[in-house]
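Report on the structure given below.
First chain written, first letter: the chains are A, B, C, D, E and F, and each begins at residue 1.
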Amino acid sequence: MIKRMLKYLLSLIPSQQVYAHCDIPCGIYDPKPAQIAAATVMRMVEKIEALPKENPSVEDRNNFVRMVMVKEQHAQKCKEEILILWTDYFKPDHLELFPDLHEKFWMAAKLCSENKQHVSRESAQKLIDAVNEITQIFEKSKTPVK
Amino acid sequence: MIKRMLKYLLSLIPSQQVYAHCDIPCGIYDPKPAQIAAATVMRMVEKIEALPKENPSVEDRNNFVRMVMVKEQHAQKCKEEILILWTDYFKPDHLELFPDLHEKFWMAAKLCSENKQHVSRESAQKLIDAVNEITQIFEKSKTPVK
Amino acid sequence: MIKRMLKYLLSLIPSQQVYAHCDIPCGIYDPKPAQIAAATVMRMVEKIEALPKENPSVEDRNNFVRMVMVKEQHAQKCKEEILILWTDYFKPDHLELFPDLHEKFWMAAKLCSENKQHVSRESAQKLIDAVNEITQIFEKSKTPVK
Amino acid sequence: MIKRMLKYLLSLIPSQQVYAHCDIPCGIYDPKPAQIAAATVMRMVEKIEALPKENPSVEDRNNFVRMVMVKEQHAQKCKEEILILWTDYFKPDHLELFPDLHEKFWMAAKLCSENKQHVSRESAQKLIDAVNEITQIFEKSKTPVK
Amino acid sequence: MIKRMLKYLLSLIPSQQVYAHCDIPCGIYDPKPAQIAAATVMRMVEKIEALPKENPSVEDRNNFVRMVMVKEQHAQKCKEEILILWTDYFKPDHLELFPDLHEKFWMAAKLCSENKQHVSRESAQKLIDAVNEITQIFEKSKTPVK
Amino acid sequence: MIKRMLKYLLSLIPSQQVYAHCDIPCGIYDPKPAQIAAATVMRMVEKIEALPKENPSVEDRNNFVRMVMVKEQHAQKCKEEILILWTDYFKPDHLELFPDLHEKFWMAAKLCSENKQHVSRESAQKLIDAVNEITQIFEKSKTPVK
């Protein structure tokens, strides 16, 4: 029972563990900023949808513009952060372990664009999932093989 | 009479005087960019309010978006400029002379956020006043104590 | 006949030719980024005009904001790119060959502002034409005088 | 014994816990980007110090310039990230719980400047510590009071 | 005598007066940021020259890189600020009053580049003078003609 | 003979042809900015290598820092431009025609990093070649299949 509890607790610490275990020979990489950016995109979709649809006030329209801008910026930030992992962190050796690495990052990057072009919880959730999947690949790549 | 006139004229020269009297041992600080940014925020509020409320044309809506963006950028610029003064210019010694220094800057920074979130002459005026107050503190800190 | 064909083909290669003939003693200059930016401004005007005018959906309004932002950024990018040519590439000697150089660049820069403030195919076309004229001046300045 | 182990494990999860517990009524705040930036500053100090002191090659000098730039950018990024927490996240109510809030953030911001101006492990460590202290304040502010 | 004194005092208030007299029909223009930027360029030249020439320490070399960067950024900022005045504020009507307007701004912009490429008090002083001349043109353009 | 000449001439027109043939259903894509950026990286390597190695003057050291910065910025710009093509322009359908698409872009992006970290004509040439190869793929993707 305690073992399971410990295991569960450990499962809660992805980026922290990564961070702590990283000996950083060539730089500091962390999927956390991409996760924050993806969560912000979802937050903006929720906030845009919560605005009054009929007769929006000047303040509502002010905030609509701002939320679209923030969504755009964080979708772009998310794209940049995952591309830093793809272009700088991952090396040819990693392709053996993760043969669909390129595909995963490509699709995640395309989801960033999709979230710029749309206001959709479904698209935002797909982006969050894609970033989480990338986080798991990243963590696995850090785990020393026994 | 002439003394009063001179005094009035001198009262018109805040940043200029500061600038001219500054021997700049450790950098060039000037509250003017924060003042320009705060004035721009007010200008944008006025311009947004002057747009037609009913049946805005495509051009009106184009300019609404642009004015909200400019308001956002200058509220942000204002925040950055006053924080440069707070973090870089003011030193622990200044706290004796200005015991509410932190509070003043905190509230001014929060007014920048308030002006992003709203379209309000009252909020814009409060920001202008807060920046002017900071300008006065800045000037006082430059005056050699007799 | 073939001579004319060759001449026509060569006329299609403005920036390429420029690029190839450039011995770059003091930097790499190219009017292509300004051309791309001007074309993007026109593209955004077309796309804004293609949006539904009645009862726009949340997605339409999302894209309206984004298109205005992209138009703004590329009008600004266009201004910056042509001003790089004006301030850095052109030298006092060029004024003899192009006595209205300043006027041409001034008017082109003002067209960038005009395209920020309006949603107009006519303004966008005038910007494209102005950038093309600058491109021709640039190319002429590169041609060795016989 | 297991209780202590659990407690230790939990102590490893600061930002993760924060993140998971956050109901985000007014935005997404996270001290992680400031932590990453502070760690990067330290990394750059270490890397600058590891460069050959005598007869540096062109490549060594290339990397010296780049490391100083990266140190500058991440010290600035660190400053911006903690100031977002100070100006946007913390509210007047928090001052009761954390009466030295302003002082802590002021000193942390000044440490960012110190790390720009120097190449010093001691200064970098002080910045890491200051950001960790801010992280703890942030987490405490999130914990529901029983 | 008092008249001369008043005149002298008034001569000290360029941007302030401009600012106060400005009815801002189409925006807020101010040559102050260009002046601050030009002053910063000079300050950096002075600071670079004050660094030890023989056996610079790591900290000296850290600051050399930073000062060159700051000089570059403020020379660029200065260029951008004066070009905003040239492209946005000045209108064709102004050319009658200031027939060498284009020439003055062109030369000032070229001085910004010169200050990037060199470490020279003479170049920095020429830039300060050019920006002051532009400030005077700007002020004259604001004065109502009697 | 003329046929070969024409063919050669046509081979000189990559981005121009692309540009003219593009019906732009979903945006304006052009590999030219990536080519300019790669050429700038090479130019900076050449200029850095041309600086005096012994007893560099303050001006030489000023320009060394600036050239490293420009190399860094254009290597980064090159990376961003090719990633725009990869993430936004290319669609899953293209993978059939270009099965090594991901690999090509990954390697090109890694060459951008290599050029930041080194001062090497060989690395700069490899980047130019990689961008040219991408340009050819881009052009092929635009050619209607007969």
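The rule we apply is simple: a contact is a pair of C-beta atoms (placed from the backbone, for glycine too) under 8 Å apart; a residue touches a chain by one contact, two chains touch by 3 or more.
Everything numeric in this text was worked out from a predicted model, so none of it was measured.
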By label, the chains that touch subunit B as well as subunit E are C, D
Given over half shared residue numbers means same and under half means different, the subunit A/subunit D interface is same
Compute the centre of every chain as the mean of its C-alpha atoms, then state which one is farthest from the centre of subunit F. B
Computed distance of Cα centres, subunit C from subunit A, in Å: 37
Rounded Å distance between subunit B and subunit F, as computed from the means of their C-alpha atoms: 44
As a quick test, compute the distance in whole Å between the mean CA positions of subunit A and subunit F. 28
Two or more partner chains touched - positions in subunit F: 65, 69
Chain pairs that touch, as defined at the top of this document: A-B, A-C, A-D, A-F, B-C, B-D, B-E, C-E, C-F, D-E, D-F, E-F
Subunit B partner, complex, touching residues on subunit D are 79, 83, 86-88, 102-103, 106, 109-110, 112-113
Which stretch or stretches of subunit A touch subunit D in the complex? 2, 5-6, 9-10, 12-17, 20, 24, 27-28, 30, 32-33, 36, 39-40, 43
Which positions of subunit F touch subunit E when the two form their complex? 58-59, 61-63, 65-66, 69
Which subunit B residues qualify as touching subunit A in the complex? 48-49, 53, 64-65, 68-69, 72, 116-119
